[in-house]
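Below are structures written as structure tokens.
Same chain, two partners: chain A is paired with chain B first, then with chain C.
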Partner chain A sequence: MKNKLLPFSIVLIFITIFIIFYKGLQDTNLYTPEVKTNYEVPSVSVELFDSGKIVNTLEIFNTDKFYLLNIWSSWCVPCRQEHLILMDLIKNDNLKIIGINYKDTKKNAKKFLEELGNPYDKIIFDNDGTNAIEWGAYGVPESFLINKNKIIKKYIGPFSKESMEEIKLFIK
Partner chain B sequence: MLFSVIGNYSLFLGLFFGLVLIYLSVKNFKNPKLLDTKILSFTFLQFFLVVISFLCLVLSFVLSDFSNETVFNNSHTTKPFFYKIAGTWGNHEGSLLLWLLVLTLFILIFLIRTKNQPIKYRILTLMFQQIIIIGFFIFLIKTSNPFNYIYPIPTEGLGLNPILQDPALAIHPPILYLGYVGSSIIFSSVLAATTLNIVSQKWASHIKKWALSSWIFLTLGILLGSIWAYYELGWGGFWFWDPVENVSLMPWLALTTLLHCILVLEKKLILTSWVIILSISTFALSMSGTFLVRSGILNSVHTFANDPERGLFILIFLFSLIFLSLFIFFFFHKTNKNNLSSFFWLSKETAIIVNNWFMMYFLSVVLIGTIYPIFLDVLSSQKISVGPPFYHKLIIPFLVPFLLIMAIGPKLKWIKSNLDDKIYLISLLIISIFLSILIVKNFSPNFLINTILISSALYLFFITLRDFFIKGFKNLAQNIAHFGFSLLILSILFNSLFSNEIITNLRVGEIFQNTKTKIVFKSISQKKEKNYRSIIGNFIVQDSKGKIENLSPELRIYNQPNIATSEADIKTTLLSDKFIVINMVQNQDFFNVRYQVKPFMLWIWLSVILISFGGLVSFVKKDYEK
Partner chain C sequence: MKIFKLFLIIFFIFPINSLKADNEILKNKITKNLRCLICQGQSVYDSDSEFANSLKIVVDSKIDEGLSEKQIYSYFQSKYGEWILYDPLFNRNTYFLWLLPLLIFFVGGAIIFNKFIKKP
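Now for the complex of A and B:
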């Protein structure tokens, strides 16, 4: 009996460790972003794409207009499709689109915009992808609808027709 | 493009041959007269395929083929040629491919070098090793394929993190991996030997080689990482008790203990359970190192790319291996009861066992310090970080008996012993205590603990030093390693006791002066290289003896990715290092200057080299005797 107890308890200990590690993985705090909605806009210093100026994010989203924060990159294929939708959305006066240029080079990004048009009011240059993490993003493309410094809704992946309609409803 | 395709298919083929090898081994195991020649050729083929795949990745890096996602994420056309190659394993995908390369290489060497071992044992070892290899193949292909495409093809890559662009760090991963992965052979072999119940003296002397070689690589790998941290991270320390460092220290502790157990097992058929459990834990700790670093479960100063999906895979894989080995251990292992009773308290094996327990204690301190924050976070969502004070408090006091036993243990005989030449032992102890009182008296606030520590380290130092003269070539390997260890502890102690630091803000042309040191910030100059620009500060430092030194630390601004690093300037002499580093302060015209005098830095590195040299001597010696 005593002999059976030892292996059994050791296996039990390892199972406990496994479960704890497993749970630990679920809420990895560093690089697993949470879906943040109805949260304040994170206050971080960012570099602007055109001027290279460092500004705080709160300064960017400070009016009562609606903002669409769009994470994009020149190397991201779905971003190209989405770009057409963005160009369409920008016709709304009530909406400003802010871009986060994610893990990209300025040269490639500029070419991309020259080719497909520039819907962005401002672009945040996020060379190493850390800014996107502050926002709780998973990757590109991804967008956040923001009003009064609050994140209302998050869109993962490229926009669909439905999400576009939804945004239009929100803005009204 | 072409290379990515070739590399990718080689990986799939390698995985396929892994499965074929398992099938062949099972077939061969049932009818084990001769080792199937096909097994050897397929093992070679598998290794060859991984080499091809690895070379393809290297070539993609060299040619800056940005259609490959790994290259795109980690390379840049302006990067120097050397770092294009080193960039191959400077990232997650490439480093895993390197793991696989070493795994397949080692099993090939194992099969070639063990012709005089029992066939069944060789086949079983191959089988266990193939399970590990297949696991890594699937991990690589499924979650971190180094040959993913990007389309449209970017014209430029994102560049390698500048702090990784460094010669020491370029060779640090391969060396460390040789150590880590070497432990996989020990793991497979111990499982095979346990299953067949042949954990014996003969087996011990055969596996000793493998343990030694991976121990040497692990020691050197840790050393290189530590040297890199010293001059690149710009803090002037060499060990930070950072989780990433701890995960390399833990297998080292387990492996060192294992090595000593194998030595005992070789002489006398005891400690078999120790050997089995330690072999398993060494490899499990190496794997959990990969898990902890790669999954992002830990917060660390140098966290690498991480991804929870990868973490989950390694976690499941790791625990399957642990459960497999636990099953084998409890099911097949039979302890030999006869030999256990014959322990005499004063003997070499008792000393080794006592120190093994100390090493297990150190290991558990490091283990707890590393994973406790995770447990706490999961169970109560509190976030804490465990720092150096925790480790120092728990480890340092126990170093004293550890060092003393390390000094006296080798003097004892196997089985039963009396202490010979007691007069020498005692007089050396008195001399050590006396000397350390002299050294510590004027300097340190913690007089008592420092005296005790230094005297025990000095004691080991003197005893091993004396042995070089009276014993000559007998036990040379052990003596060199223990001597190196005493030197290491002494250097670390002196280093922490006598280090000096000045932190100040200086403008160009200004002078800092205190009673001992004068620092003149003479000028700044600029330099432009292919992949970075740099600002160089020119300093003149004068110490109390009037000795003048020119130091020029650098601030580098890399263009891809756009990151600033500060490169310390270090003047190394035999007795001390002068270390200076500057940092820009935002919107100010002055620089933050840190100047440190660190005694015995060089000796810390040298003593670790000496320790591994001890291992090398033991490795070579055995060959020579055969």
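Now for the complex of A and C:
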């Protein structure tokens, strides 16, 4: 009995290891942070792009309207293509778009907005990228749909037509 | 008088320097245990990506605010999930991971004990 148990356990261990590695092969090795929804907007002090005034984020998202927080930069190529979608979305009265200007210079950012239009109700100036971390973002572009001071949806990467339609459905 | 002044200068500057050095050691320790999400496979300490550089600034400011190492980890964990930490935490999802080596050690030890020590 003892003699049979040892080879049996060895085979069992190898089968288990094989299954774990085989399953692992099918998983992507690129990790995307957990996309949490329905959590509070972080309460932090931020600098406004135009006036340089320091305000709390909770003061920015204080109405019952829907807000789309968009992290963008003039050096970010996908942001250019996404900007056209934002210009289209702003036609909805129930939506305000807030920008976080990520690791950019004011001069380049202004030039970008003059060229492509300004869909932003307010812009937060995030010179060193630390504000984006408060939102759990790790790159540009990233966007958050917010309602009543709660984040209800997070979009990583540039908007697609599908995500645009989804936002339209949300704010209807 | 000159010696007294020199002594005063050394007295005031030295502790500040050592305090800064302590913070630097702690910052390095923390950033080595944080995973860069842009260049995955590298720690924040090793990475020079925009994201990693911002994270280093945040770690610095959290240390200055007086947060402990554990509090800083839980801050980043709340923002990005547990995966940002290189050392997995000891919880329901990781019991197996942490206890497996111990289990193997004891089972292996028992086998060796039975085969080679107990028999003769």
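Definition applied: the second predicted complex is superposed on the first by the 136 of 172 C-alpha atoms of A that agree within 3 Å, B and C clash if a C-alpha of one lies under 4 Å from a C-alpha of the other, contacts with A are read in each partner's own complex, and residues count from 1 in each chain.
The rule we apply is simple: a residue touches a chain if its C-beta (ideal position, glycine included) is under 8 Å from a C-beta of that chain, and two chains touch if they have at least 3 such contacts.
Treat the numbers as computed from the prediction; the structure is a model and nothing was measured.
Asks: With the two structures laid over each other on chain A, which partner does A:Ile133 touch: chain B (first), chain C (second), both, or neither?
Replies: In the superposition, A:Ile133 contacts chain C only.
Asks: Tell me the contact category for A:Lys103 with respect to chain B and chain C: first, second, both or neither.
Replies: Both partners, chain B and chain C.
Asks: Determine where on chain A the residues touched by chain B overlap those touched by chain C, and list them.
Replies: 29-31, 103, 128
Asks: Under the touch definition given earlier, write down the residues of chain B that touch chain A in their complex.
Replies: 72-73, 150-152, 154-156, 158, 291, 295-297, 299, 303, 306-308, 311-312, 315, 319, 322-323, 326, 330, 374-375, 377-379, 383, 560-563
Asks: Going by the contact rule at the top, pick out the chain C residues touching chain A in the complex.
Replies: 37-38, 40, 50-51, 53-55, 57-58, 61, 79-81, 83-84
Asks: Under the touch definition given earlier, write down the residues of chain A that touch chain B in their complex.
Replies: 6-7, 10-11, 14, 18, 20-32, 74-75, 77, 103, 105, 107-108, 127-128
Asks: Write out the stretch or stretches of chain A touching chain C in their complex.
Replies: 29-31, 33-34, 103, 128-130, 132-136, 138-139
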